[in-house]
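Same chain, two partners: chain A is paired with chain B first, then with chain C.
Coming up: the complex of A and B.
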C-alpha cells in the first residue's frame, strides 16, 4: 500500500466520519438548492433569472465549508496534537499529510457540487448557459483561492481556539456577505460595497458570468483580485507556517 | 566500534540564550546510551538537532555516518517524542498500519503489537487508550520502520511499573538485535540498570560521560554510617581521613568520603564505641546531583 494511498484512506475516514462536513459542506448547500428552486423566480426579465444566478453561489458553499472551515481546523488540530511534529521525523513529509487532507476536503466539496448540480438539473430544469470547460476552470480557480485562505489561517493561528475563531469569522462573513446564501443583487448598495472586499464575492461574480455565458471582458478584475489573494495567502502560509 | 551519533562542537542559541554550548558527544553503534540532565539542560534541544528538527547555530551532527535530518536517514531512525497524540477516530491497528506504510522495510504488525502489549486493544480507538497505553503505542510507532537507531525522549512517562519493566526488556532485546538506542529519562535507576553508556549534560555542556559504574566511581562519595556510643564533637569527624561531609542523627553518624578503607581503620581503632557499620556506594542519582549541581568544578573528561 503506497504511502499516499494510506494517507488518503486514513484522512478520508477521519474527515468523512465527521458530522460537520456532512452538515455544513454537503447537506446545507443541497437543502439551500432545493429552497432556491422553489422560492426564487425563474423568470428572466433581462439576462438571467435569480434562480439561474443562484447556482453559481450555492456551489461555492461546499468549497467555503471545506476550504475555509475544515482545512484550517484540521491543520490546527494536527499541530496541537503534535502530529505534524511527529511527521517531521518520518520519511513522509508533513506536507504530504496536508496535501492528502486537502484532497479529502476537496472530495467533500466535489460531492457537494455534484449534489447541488443534480438538484438544479433534475428537479428544476436548470441548464448551464456558458461553456462547461470555462465554468469548470473558473470553479477550480475559486477552489484554489478559497483553500489558500484556509491554509493561510491554519498556518498562522497559534492554537485551536484561534483557528476556531478566525475560520468562523472568515466562513460566516463570506457565507452571509459574499452572495453565497443571500444574493448580492438584493443587498443595498452600501452593503454591496462591503461585499466587494470579500474574495468569495469576486469568485461568485466570476462563476455567475461563466454560468450565464456573459462576455469575458468583465472577468479580468475579479480574476486579478482572486489571484492576488491566492498568492498572498500561500506565500504567507509558507513563510509563517508553524509545525508546533 | 563505529559511532552511531557524533556531535562535534555543537552550539544552539535561541536569541541570547545558549541551549547547547560547544557540545562534543558521541554514542557507539549497538549500545544503549542515556542522555541525562536536569530540566533545561539541553537534552531535548540536542535530540532535536540529532533528528534534524532544528538546525545548529554552529557545529556538526552526524547520524549513522551522514549529516542529520536527511529523508534517507529518517528511513533508518525511529523517534519517540514527547507530547504527541494520535488522531481522533483511528484504531490502534490503523495507526500502526499507517506508520508502517511510510517505510521501505517496516516491522511486522504482529511484532509491533507484541512490543506495545496492545494485541487485545488493536481495534480500540487510540484516543480512548490510557496515558500509559498511548505511550506504548507511540513507542510502537517509533519502531514501525524497523530502525537501526532509536531515539527516545522520556519514553516511560505515564507507564505503570509492569509496562516499564516490559519496556526495558524490549529495549534490551532491540539492542541485542544490534540496534542503537539513545534515550533521555528522569528514572535514573532505570538508566543505571539498562544503559551501557551515560552522558550527563548541564547548562548545554557535557559534564561527564562513561559507563554507569565509571561515573559513580569517579564522581561521588561513599557513605559510612554507624552508631557511636561516645561520639566526639561534630567538627572532629571532619578531621578523619577523606571525610568531606558529616550528618548526625542522634547516635547515628553518616560520614561521606571518597575512600573508605583508611577511614574504617581509623574508626575501628578509636575509642568512640563504633557499632552497626553500614557502607554504601553512591547511586546514579547521587552522581547526577553532584555533577549537575556543581558541574563546573567536577567536570570529568
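Coming up: the complex of A and C.
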C-alpha cells in the first residue's frame, strides 16, 4: 500500500508538472463545452436538443486525451528511456505501475468532467434528464474501456515512435469519428458505418441514452461491445507487457 | 552462495553473445566481470538478472530464480545499470523516496546521501546533477534496499579520482558487513582494490577465471593490466 501511495504521489507530481495534461485533458474539453453552449441549438423538436445531446460527447474528450493519449505516451517514454528497465529489477509489478499511472491520468479526466459539467449547469442551464446513478455508472464503465485501450497501447508498443503513432491514431479517430466532437447524427450514412466500429461511439451512444433518460432497452449491445474491448485490451496488455 | 550461475549462454539470432559461463559469488565477496566493450559483460548481467533470455543449467540469486521469483529476489538485490535515466523533473529526494517505497527494508537515507556526497542536493533536479553525481545517485539507489547482493555495471565511469576512492571505501566497508558485489569495470586499479575474484570475457567466452594473484601467475605478467590485456586480447594491436 505504501508503495502505491508513494508511486501515486511522486509520479503524480511529475505528470501534473507537464503541460500536456492541462491543455488536452482539461482546457480543451472545457473550451469546447463553452463553444457548444453558444453554438448548439437548445430547441428540442423531438426528444432532446443538440445541446443536451452534446454533454454526453464532451465529457468523453478528457477521458480520451488522458486515457488513450497521456497514459500510453508516459509508459512508452519510460520504456524508451530505460526507466521501466530499472523498475524491472525491483519488486514492483507492472500492474502497480500501470495502475498508478492510470489513476494519475484519471485525476485530470475527473477535473475535466467536473469543469465541463459546471459549464453546462451554471452557464447554459443544462439539466441531466436521467438518473445520476445510472449516468455515473455508465460513465465509469466507458472510462474503464477507454483506459484499457490506452494501457494496451502503452504496454505493447516497441518504441516512442510507435506509441506516438498508435495513440494519435486512436485519439484522433475517436475524437473525430465517434461523436465526441462532431455529432454522430450529422454524419453521412457511410461514415456512420465506420463510426460503428469505434468503441467510443458505443460509449457516447450509451451516455446519450442515460443523460437523456431514454429507454434502457438498446443498451445491451453497446455494453457488450465495450466489455469485450476492455477484456481483450487488458488481457493483451498484461500478457504482452514489455519492460524494455 | 548469494549467486550461482552454471553454463549460462545468451544468443541473439545466430550470434552467441555469452557462451556457457559459470561462476559463483559468496556473501562478502566481490566478483569482477571484465572484458573489452562488446565482450558480453552487460549481456551476462542482463541474463543473470533475468531481463535477457538465456539458457542455463542453473541460475539462482539468493537461492531463487530471478525469472520465476522476480519479486522476492529483487527485495534483496540492488542494481546499477551502465546508463541510468530518470524521469524528467524528478528531484534527488523524490528519486530516493520512490525507490525506498518499492522495498520492505530501507537503508538510512541521510547517511547514504552523506556518504555519496549528495547531502544538501536533495531538492535538485536529477537531470541538473553533474555526470559524476548522477552516477553516485545510481549506485546509492542500488544500495537502498540494504541488499545482500548488488550489481554495479561500470560503477565509477565518469567519476573523478577522489569520488572513486570514496566509493571504493564505502563498498569495502559494506563488503566487510557481508554485502556481495558483482561489478564490471575497465579500470584495473579499481579491480585490484575491490575484487576477490575475476572472470575475463572475450567474445562471450571465459578466457580467465580466478583470483588476481592467479591471473598474474598464469599470464607471467607483473601487473594486472598487462595480464588483462593478454587475456582479453586487447594488447595484440599494440605489440
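Here are some notes:
In the analysis below, the second predicted complex is superposed on the first by the 242 of 244 C-alpha atoms of A that agree within 3 Å, B and C clash if a C-alpha of one lies under 4 Å from a C-alpha of the other, contacts with A are read in each partner's own complex, and residues count from 1 in each chain.
Keep this in mind: a residue touches a chain if its C-beta (ideal position, glycine included) is under 8 Å from a C-beta of that chain, and two chains touch if they have at least 3 such contacts.
Treat the numbers as computed from the prediction; the structure is a model and nothing was measured.
With the C-alpha superposition on chain A as described, chain C and chain B clash in the combined arrangement. Look at A:131: by the touch rule set out above, it reaches neither chain B nor chain C. In the superposition on chain A, A:13 makes contact with both chain B and chain C. Legend: residue contacts after superposition of the two complexes on their common chain; A:90 is shown touching both chain B and chain C. Common to the chain B and chain C contact sets on chain A are residues 2-3, 5-7, 10, 13-14, 17, 78, 81-83, 85-86, 88-92.
For chain B in complex with chain A, the touching residues are 51, 53, 71, 74-75, 77, 79, 81, 83-90, 94, 97-99, 101-103, 141, 145.
Taken in their complex, chain A has these residues touching chain C: 2-3, 5-7, 10-11, 13-14, 17-18, 78, 81-83, 85-93, 243-244.
Listed in rising order, the residues of chain A touching chain B in the complex are 1-3, 5-7, 10, 13-14, 17, 78, 81-83, 85-86, 88-92. Touching chain A in their complex are the following residues of chain C: 49, 51, 70-72, 74-75, 77, 79, 81, 83-90, 94, 97-103.
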